[in-house]
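Multiple structures follow.
Next come two complexes, and both contain chain A; in the first it sits with chain B, in the second with chain C.
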Partner chain A sequence: MRESSSKPRGDAGATFAHTLVALAVLVAMSAAAYPLAASAIAALGKAASAAFGASRALVADASLRALAARVRPPFWAASIEPANSGDALEAPWLDGVWEKTAVVSWDGEALRIGEAEAAFRVGGLEHVELAWLEDGSGRVLGFALAFEAGGRAWRVEAPFGAFPRPNARVAW
Partner chain B sequence: MRTSRRTDSGWIEADAAVALVIIALAAAGAAEAGFAGARAARALVARADTVIALGNDHAGKLVEAAR
Partner chain C sequence: MVRAASLVHDGERGSAALGALAVLVLVAAFAAAAYLPLASGVRAAARAEGKAEARAEALDAVLAALPVLEEGAADGVDSRAELEALEASFAGALLVDDVSSRFNPNLIRKNFIEKTTLARLLKPDALVDALQQARVDRGLSVDIMTAYGDFFEAESLEAWFTPYTYASVNTDDEFALERLWFEATGDSSGAAAFREANRRQLEALKLLSPGEFAAWYGVEAATLAPFVGAEAGLNVNLAEMEVLEAALSYPGYGIESPCEVAESLAEAARSRALDRDALAATAGLDGEHPARAWLGTRTWFWRIFARSGDAWFRAIVRMEQGADGKPEAIVVEFREGGPEDDPLRRND
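Right, the complex of A and B next:
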């Protein structure tokens, strides 16, 4: 049984017209929503890159500070004699032992933080610069690391766990 | 009780409106999810910046004390 319609047109025509109107509305809504969706996707991608960079920066920060804190010269050591062989920083007195060396190196692809034999690798960094943290008079007091990750620059200054005394009588 | 009239082909105005509303809500939800993710990422970057800045400030004080 057919239902009555208040419109003069037949049901089939009304249905087609409704379909066209619905499609037009759908197209209009899609056109309006596209810039919003595109900006949301772009913002999400940029934010994800920044978040990955921040995560890598946090890992590098925690690893470098943990390693630097393990460099503990004894109270009678007058200075730390660091070694800078190219793109690597090497500091003795790791865990209080002269023969053990803390190493921070950059090979162009990954940052290695740890001991000479076993190091932790952090990738995804760019424009890495290694330097010593000094007190202004040339005394080495820690590691300094600058790099870029996630589209922004980061800098980490990690002091040693103990500082040598300049007036100590025994020099190492 | 229905508020809309059904035609012979089965088209219902209310159903079309509901479908459009659902599509609009889905698009708005997806956009909101994207912006929420972006906000969370910015919060992570800000927190990492704060943590590293605190560590550097601490290092600066230690170096200053060692001079």
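Right, the complex of A and C next:
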């Protein structure tokens, strides 16, 4: 306390002035750097959003392809009737068993990919459209999925692991 | 004064350095937070892209082999030399084998199992009546290891049997044919009509040629051709000797030494392509002999393993006659998997 009070007054003023100058310099530097930092932050945010979108798209892609590969109608089976296009696609012959069903559905918030009882959910997708992947003659060969994620459009074509015979269909 | 001022400047430099460090740390943390998902996303994208490219490359190789299979079949003979030439042209990236020149447990008659060398492949407590009933009750299956594991040992199933054959009215079980008809069409009355026609054929002890099949079965023949027909299923050029011996060992065929005939065929097929005439001469069985219901010179289902990088993909290709009468190869299965993972052993 005594030491402090014994300091010359000019010293204190100099410190305050220097602090003000330093602050002014900092403000000026910040003002100059702000647009750069802001654009860098925005770019990073955009890149992160795109990366998250891409990773969601890849999860949807990998899950749908893995499920479709498990749909294996025997070669003598008739083509699956593509009657339920829309918000849900259901295909028999999951793991080669007629009674087991592969399900792909969109409930407005998440894409469900899997079996009727146990499906994997993928969120963060927009403008989702489900359809059957067909050959030129209308034979169902797999699932098709279109959506937007991370600001870009994606399309997945996931063929079945085996293909039913052409020129014939049975209702499903 | 000078001393005091310099002290203050030193302190200010320290705070600025700390501040700069703090800003740097914040920027680094933010960059790291942004980088991690970016990096994992990029890695996942690269993996997915690599897998998709490998799949596309393997599928291209399989599709490139189809015209070669079609051309090879145009003369009515699929030979060992053609197969070896096809594999060589792909420099080891493609392995092709005949997957239909075996017995189909989905379809084979129960008395054929009982009365041929196939009987020794049955498990000790397995009954052929139960096998026949299981096919009717549970249906036919491509997964023969699961469906017929109660009746045959796994080693027998993987070496002697296959689910990849067309059904033949000359060699296959009437109830299995009815079941196949029902599974393929969903039409139970059509299946019953087909079985009735098949029963009349059996009562008449009539073996049908592919041409006669259409005349005998009428509209039912066209519905399921070529999935049900009268073609011989075993290609003598590529079938294993033991398989040929089993087919020839049925007592009703009256062949004295099935083993010798099978060995003659297998040995001849190793050195040259056997067409129908060469088959008849080598086996000593003319075209009317009932054993010829099994013996042919065409392969109806091929299995192709295509390698792309470190990944293997497996395709099953079936052959049929196109509308113009030319052989047509059609991919019926394509998925990831190599020779080591496949339930059916390769014939080398």
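A few comments on the model shown:
The rule is short, and it goes like this: the second predicted complex is superposed on the first by the 136 of 172 C-alpha atoms of A that agree within 3 Å, B and C clash if a C-alpha of one lies under 4 Å from a C-alpha of the other, contacts with A are read in each partner's own complex, and residues count from 1 in each chain.
Keep this in mind: a residue touches a chain if its C-beta (ideal position, glycine included) is under 8 Å from a C-beta of that chain, and two chains touch if they have at least 3 such contacts.
Computed from a prediction, not measured in an experiment: that's the story for all the values here.
By the touch criterion defined above, A:98 reaches chain C but does not reach chain B.
In the superposition on chain A, no contact is made by A:35 with either chain B or chain C. Touch criterion met: A:142 reaches chain B, while chain C stays clear of it.
In the superposed model, A:74 makes contact with chain C only, not with chain B. Between chain B and chain C, it is B that contacts the larger number of residues in chain A.
Of the two partner chains placed by superposition, A:108 touches none, neither chain B nor chain C. Of the two partner chains, chain B is the only one that A:158 touches; chain C does not reach it.
When both complexes are overlaid on chain A, the residue A:133 reaches chain B alone and has no touch with chain C.
Of the residues of chain A, those at positions 11, 14-15, 18-19, 22, 26, 41, 44, 47-48, 51, 54-55, 58, 61, 159, 163 touch chain B in one of the two structures and chain C in the other. Every residue of chain A that touches chain B in the complex is listed here, in rising order: 2-3, 5, 11-12, 14-15, 18-19, 22, 25-26, 29, 33, 36-37, 40-41, 43-44, 46-48, 50-51, 53-55, 57-58, 61, 65, 133-137, 139, 141-142, 150, 152, 154-159, 163.
If you check the complex, the residues on chain C that touch chain A are 1, 4-5, 8-9, 12, 16, 19, 30-31, 33-34, 37-38, 40-42, 44-45, 48, 139-143, 163-164, 180, 183-186, 224, 227, 316, 318, 331-336. Those residues of chain B that touch chain A in the complex are listed here as 5-9, 11, 13, 16, 19-20, 23-24, 27-28, 30-31, 33-35, 37-42, 44-45, 47-49, 51-52, 55-56, 58-60, 62-63, 66-67. Chain A makes touch with chain C in their complex at residues 7-8, 10-11, 14-15, 18-19, 22, 26, 41, 44-45, 47-48, 51-52, 54-55, 58, 61-62, 69, 72, 74-78, 96, 98, 159, 161-163, 165, 168, 170-171.
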